[in-house]
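Before anything else, here is the set of structures, which you'll find just below.
In the two complexes that follow, chain A is the common piece, with chain B as its partner first and chain C second.
Right after this comes the complex of A and B.
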């Protein structure tokens, strides 16, 4: 167990090393959620005055969407980075080490969880400086945990795609899950204001629960009824997508 | 027990292409085994199966006593691998990469730095260890790759075309390291397309073509199979060639066919050590030798004799020397 943790830590450190040594490469992923929040709130800011809108301020309402987008981008980037490692032969080096495959997968995915905090932190700094409601400590903690969890789930998905196609050209496919997952939710408006089909989709979309779990700290207050479905959804996504990634890894080289 | 034991190993891809078609080989502990063949012959596919990166579709292989298909994790603990392309993270320094490799191989944390330093020094990269690998030359990367493959003191080392694309100096440095490893008792499985490399380093050579082993043995024995070394002689002035043949007949096999530029060709079992004796005998008979050239069979001759074609790297052998 301790040996596995050491390997995971080494792999996470390598992934973080890239951000430190080529910060320019991380900038788009860090800025995008903030730009999205600023642009969307400028265009649709008045939507908060619609009857049935649950937040007084659209910016506050949409910040959690930016947080999840950042997690989604980071998760997708993990798959792209893995595809690059496969193309360059580095992944073979990992596979040649005697650590169990699940340890290698955990190391790759865990790095996404930590890196997802970077765009989230930048977004929150900008948002709070613009007057977005500051959640309680517990609300922030839940948001951070869910952001990290979603980054893990999306990383598992993108890793599965990377292991299947083994090329960075599959990057659009890696990003599609987070686009669909985050946007087909209550991201732009509360459920009562959604069209019928989108309401139906958002009902079955587990990311909706995650979004509401993050949003509860910003809009209203932290409540158990929003917290447990969010964590359950994350757990299921990580379990299912993680199993797919593990299967992809087992089949790699067969 | 053989360090590598391969029996009927196959790898068939979708569509029916057999990259490796039922090969058998054994490599004894401490032996350097040269796996020679042209591009696309199946060398890398074989290595990828032996190092557990690719699952065989037929046959069986054990490395260090463990089955590559059913006990891959145990195999990985015993082997070091430097693949064809030195896959290194260009953003990391040489030292960081060595330490990461040590960690990935489960070396205790307290030993990581020491082992990394030892090997970095051994491959001559101590001065460059704090530089990012992206700034390294091709030769430096290969040496670092080799050092990384050795970090956990493997019993069996796989080197997949380790000198392809290297300049002669870097190539010679790597050859020296392989010799040192052999002296230390490490089993080395070396794939190469360079004849000279196999000839210089390998105790035994397996030649692969189209997924099958077409010849196997010591370089000397393999070359002997295709004929004796021969001396191509040319004489000054209007020498009596019939007399020359008569003098040479007891000293070796006078060949019926003489290559362009030579007057007589003489097959001699003992190779270069026959030159002095031959020249002296001709001199005693009043025949002055103008030029003598020793031509030895090469592994390319062996390959050509077995397959009817030549190895692609044959022309580069001289450059490798």
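Right after this comes the complex of A and C.
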């Protein structure tokens, strides 16, 4: 157990070191969610004056979308980095170490959870400085936990793709999944204002619960009825996608 | 005259090579339509009721309004793809082999831009077909469709020239890829996705001076209203302005690159 923790810690530190060593590669992923939030609120801001819109300010309404987008991008980047490690042979060397493969997977995925806090922090600093409603401490804590959880789920998915295709050229596939997951929800408007097809998709999409869980701190207040479905959805996504990634890792190189 | 014909043949050959390369690696072409299509779907699905906002132009549906926005986004991504392809040629050494060959230097830039123009025509076709499939219509009829093609192709070439200029300066594909957030900024600071009079301040002011607004509105007008002289002139004029300015910068960047070689 202790040995596994040391390996996980080393893998997390390696992933965090990358941010400092190659900041140019991390900057677009950190900036994009904030740009997206600012852009959406500047362009579609008037939507909040529609009857039935649950927030007074569109910017406050889309901040949670930006937070989850940052988590999605980070998860996808984890897969892209793994694909690069596979291409360069580093991952094969890693597999030679006497650690269980699930430990290696945990290390890679845990690094995504921590890295996701970087775009989230940047986004929140910009949003709060622009006057977005500051949630309560509990609301922020729930948002941070859900952002980290979604980054883990997306990292599991992109790791599965990286292990399957073993090339960085599969990056768009990883990014599109997070894009669909986060945006095909109640990202732009409350459910009653969505078109029928998007309402149906958002009903099926588990990320909708996660988004509502993050959003409750910003719009309205923290309520148990929004909290438990969010955490249950995250748990199920991590469980299913984690199992797929673990299966891919077990089969890798066999 | 003979030299001009020779240059035209070289441009054609380089354009064909670029197009074949793009078709061989569809993973570079797919994002040009996939991401804007997703964005189009989410925008239409999530904000369709905004057509009821006071000040929103009269449209048959939000999809009709959003088509030009998706097209503009796709063409901008096409410009990034052109830059990445150019940077990959520099990284791979093909650019140096071209420089060493007895061809006019400007054909290196023009060949890639011709291919970008052909790709832009494909992007316009794709989005018009998607629009028709989901119930959109072009109010301007066949002339309206031709206007959309004209502005789309010219703007696509202009965005490609911007991508090339960046690639010739940066020389690395990853650096060109890094301009993606900037593409988002330019796009959101325009009226590509929403009427200019409904944009928040200060984006509404920036959008007034952003040529992208006129490119998008130039393509939108024939779709939602019909062919009009003002929007046509503004759209074509803005697209040509992008081509001329970005083309000049790309040629200057090429000169700088040749001096270094």
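Criterion: the second predicted complex is superposed on the first by the 254 of 254 C-alpha atoms of A that agree within 3 Å, B and C clash if a C-alpha of one lies under 4 Å from a C-alpha of the other, contacts with A are read in each partner's own complex, and residues count from 1 in each chain.
Everything below uses one rule, namely that a contact is a pair of C-beta atoms (placed from the backbone, for glycine too) under 8 Å apart; a residue touches a chain by one contact, two chains touch by 3 or more.
Note that the structure is predicted; figures quoted are calculated from it, not measured.
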| item | value |
| --- | --- |
| Side-by-side fit of chain B and chain C on chain A, or clash | fit |
| Partner chain(s) touched by A:100 [first = chain B, second = chain C, both, neither] | first |
| First (chain B), second (chain C), both or neither touched by A:74 | neither |
| Residue contacts with chain A in the superposition, chain B compared against chain C | C |
| Chain B versus chain C as contact partner of A:18, first or second or both or neither | first |
| Chain B versus chain C as contact partner of A:176, first or second or both or neither | second |
| Which of chain B and chain C A:48 touches, first, second, both or neither | neither |
| Partner chain(s) touched by A:160 [first = chain B, second = chain C, both, neither] | neither |
| Touched partner set for A:39, first chain B, second chain C, both or neither | second |
| Superposition-derived angle with apex at the Cα centre of chain A and sides reaching chain B and chain C, degrees in steps of 10 | 90 |
| Partner chain in contact with A:216 - chain B first, chain C second, else both or neither | neither |
| Partner chain(s) touched by A:92 [first = chain B, second = chain C, both, neither] | first |
| Distance in angstrom between the closest Cα atoms of chain C and chain B, superposition on A | 17 |
| Doubly contacted residues of chain A, that is, touched by chain B and again by chain C | none |
| In the complex, chain A residues that touch chain C | 24-25, 27-28, 31-32, 35-36, 38-47, 49-50, 169-170, 172, 176, 179-180, 183-184, 187-189, 193-195, 197-198, 201 |
| Touch list for chain C against partner chain A, complex | 25, 27, 30-31, 34-35, 38-39, 41-50, 52-53, 174-175, 177-178, 180-181, 184-185, 187-189, 193-194, 198-200, 203 |
| Chain B-touching residues of chain A, taken from the complex the two chains share | 3, 6-7, 10, 14, 17-18, 21-22, 88-90, 92-100, 253-254 |
| Residues on chain B engaged by chain A in the complex (per definition of touch) | 48, 51-55, 73, 76-77, 79, 81, 83, 85, 87-89, 91-92, 96, 100-101, 103-106, 109, 132, 148 |
